[in-house]
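The chains carry the letters A, B and C, assigned in the order they are written, with residues numbered from 1 in each.
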C-alpha cells in the first residue's frame, strides 16, 4: 500500500522513471535505466487497481525497461530486436527538458506579470443588430447539432478504451493461477517461450511479480543467467 | 517606471471614460503629475502619427482611435458584424437551439473548447440572449425570439427531431464525465472576465 | 495616411486577436507592408516606453498592455488570479509552447501518456487551441494568447532556452521510432486479447 500513496505524485511513467533515477543520483543512461527497473515494476504492480486507465502507458515503458534488463540478465531470452533501447534513454532526456521547462514556466506565471487585452467596449454597451446567418434553415440547424453529437462519441469512449487495454494483466494472473493449479512447478523459460510477442512476455513477467507479492508462488534461480523455477506455495 | 506608461496601460484596458480623480487614485499621483502625463501622451500620439488619441472632456479622459482612422475602423466593425458565421459559431447556435437555456460551462463541455468569444458574437448579432438563472445562480443562454421567427418557428419543439435530439444520452454522459475535471484556474478566469465587465 | 496608423487603430478597436491574413484584407496591403508596419509599431512601443505592446504568434497579433505595467493594471481591474496550474497542465502547456503547433501524437510521445483528456480540458479553459494542419491532415495544437498573457510574453521566442527546445533535431527521429513502438505495443496487446477469446 505504501507505493500507492507514492504513485499519486506521478503524472506518468516518465516522471516516475526520472524521479527514480534522480533519487539514485544517476545520469540518464542505459545502465541506470537497468538499475531502476525493479523499482519501476514494483510501483507498477501496485498501480493497477488505482489507475487502470493509465496502466497501458506505464506498461509501454515497463516493456522497454525489461527488455534492456533482460538482455543483461537472461541471455537465453530471444526477443525480436527491433527496438533499440537507446530510444528510451533519448526519450527520457527529451522529457526531462520539458519537465524542467514546465517548472520554470510555473515560476514565471507565479510572478504574475500578466498582460491584458482591452475590455470589449461593445460588451459594455452592446448595440444589437439582428444579423442571422445567410441561407440557413431548420434542417441546417439540425445537421450542425447532429455533427456535434457525433463528435462526442470518441470522448465518451476514451476512458473505457484505455481500461480495455489494461485488462490483460488481470487475465494473465488468473491464467497463471489455473496453470499452476494443475502443475506444481514450471520453468520461466517455458512460460516465456509460449509467449506470442514481447508484450506478452512483459505481461507474464508482471503477472509473476504480482503472484510473488501475493505469496501465491515463489521463484528460484540456482545461478546467474540460469532458468528460473516457479513453484506454487 | 514612468507615470505616462502606467497611465496609457490603464486607459487602454478601461475602454470607457475615466474620471481624472479616479485616475489619480489608481496611479497614486498628484493633479499636476497626471496633467503632465496626459499632455505628454497626447502629444506623443500626435507627433508619432498614431492611430490612437486621447479624448478629454472636463474631468473625463478616454482613449479612442484617431479621427483620421474613422473610415477604416467603421468598415472593420461593419465587416465583423455582418461577416459569415464560422462553423464553431453555427455549432454553438445549434446546441443552444436544441438544449437552451444552457450554461456556458455546459456548452463548453459539449464542444470541448472555450466559447466566450463565440457567445459574445452570437449575442451581438441578436441570435442568442443571456439571462440570469435564479436557481443555478449563473447566466444561461437561449436563442432569441427573432431568430426563431427567422427560422419560421413558434416553439423550439418544432425543430426537426427535437424530442430525440434534446434528450440525447451522449450529452449526459459527456457532462457527467467532464464535470469533475473543472479546475480552479478556469473559474478564476471567469471571475476576472466578470469583474472587467462590471 | 500611414499604414501603421490604420493598423494601430484597427488593433485597438478589435479587443481580441486578429489574424494577419484578415488584417491584410482590412488594410488592403501586401504581406511585406503589413510586416513592416507591425515591426515599426512594435518598436515604437518599446522605444517610447509605452504602456502598450504587440503580442504576436504565427498568424495572430493582438494589442495588449506592456508586461511592465502588469501590477498597476492588475490592481485596477482587481485581478486576483494566482495563475495556479496543475503539474500535468503545466507540462503539456510547456511542450505546446515550445514545440507548437504540434500534433497530439507528438505531445503524447514526449509525455509518455495519453493526452486526450488534458488537451480537452486545456481547450475548454481557453489555454490551448486546436486547428487543422493542412499538410499533415491532422489537428495540431498551439497555446492561446490567453495563456501567453499569463506568461507576460510578447512572443513565445522570449521563453527561456527557446532556441534549444524548439529546435531539438533529434526529437523528430526519436518520436518517429517511438511512434512505431507504441503502435506495435497496442497491436501486440490486441493480438493477446484476440488469442484469449479464440
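To be clear about the criterion, contacts are C-beta pairs under 8 Å (C-beta built on N, C-alpha and C of every residue); 3 or more make two chains touch, one makes a residue touch a chain.
Because the structure is a prediction, the values reported are computed rather than measured.
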**Innermost chain by mean C-alpha position** = C
**Asked** Which chain's C-alpha centroid is most distant from that of chain A?
**Response** B
**Prompt:** If you average the Cα atoms of chain A and of chain B to get two centres, how far apart are those centres in Å?
**Reply:** 41
**Message:** Centroid from C-alpha atoms only, then distance chain A to chain C, rounded to Å. What do you get?
**Reply:** 27
**Distance from the mean Cα position of chain C to that of chain B, given in whole angstrom** = 21
**Multi-chain contact residues (two or more partners), chain C** = 12, 15-16, 63, 65-66, 73, 77, 79, 81-83, 85, 117, 120
**Sequence positions of chain A contacting 2 or more other chains** = 116-122, 155
**Request:** Give every residue of chain C touching chain A within the complex, in rising order.
**Result:** 12, 15-16, 53, 55, 62-67, 70, 73-74, 77, 79, 81-83, 85, 87-88, 90-91, 93-95, 97-98, 109-114, 116-117, 120, 145, 148-152, 154, 159-161, 164-165, 168, 170-171, 174, 177-178, 181-182, 184-186, 188-189, 191-193, 195-196
**Fill in**
So, in the complex, the side of chain A touching chain B is made of residues 116-124, 126-134, 136-142, 144-149, 151-153, 155-156, 159
**Complete:** The residues of chain A that touch chain C in their complex are 11-14, 54, 56-57, 59-61, 63-64, 82-84, 87, 90-91, 94-95, 97-99, 101-106, 108-122, 155, 158, 162, 164-165, 167-168, 171, 196-200, 203
**Parts of chain B lying in touch with chain C, wherever the complex brings them together** = 1-2, 4-15, 26-27, 44, 48-52, 63, 65-66, 68-69, 72-73, 75-77, 79-80, 108-109, 112-114, 116-117, 178, 181, 183-186, 188-189, 191-192, 195-196
**Prompt:** Across the complex, what residues on chain B touch chain A?
**Reply:** 9, 12-16, 81-82, 84-85, 87, 90-91, 93-95, 97-98, 110-112, 120, 123-127, 144, 146-147, 150-153, 158-161, 165, 168, 170-171, 173-174, 177, 196-197
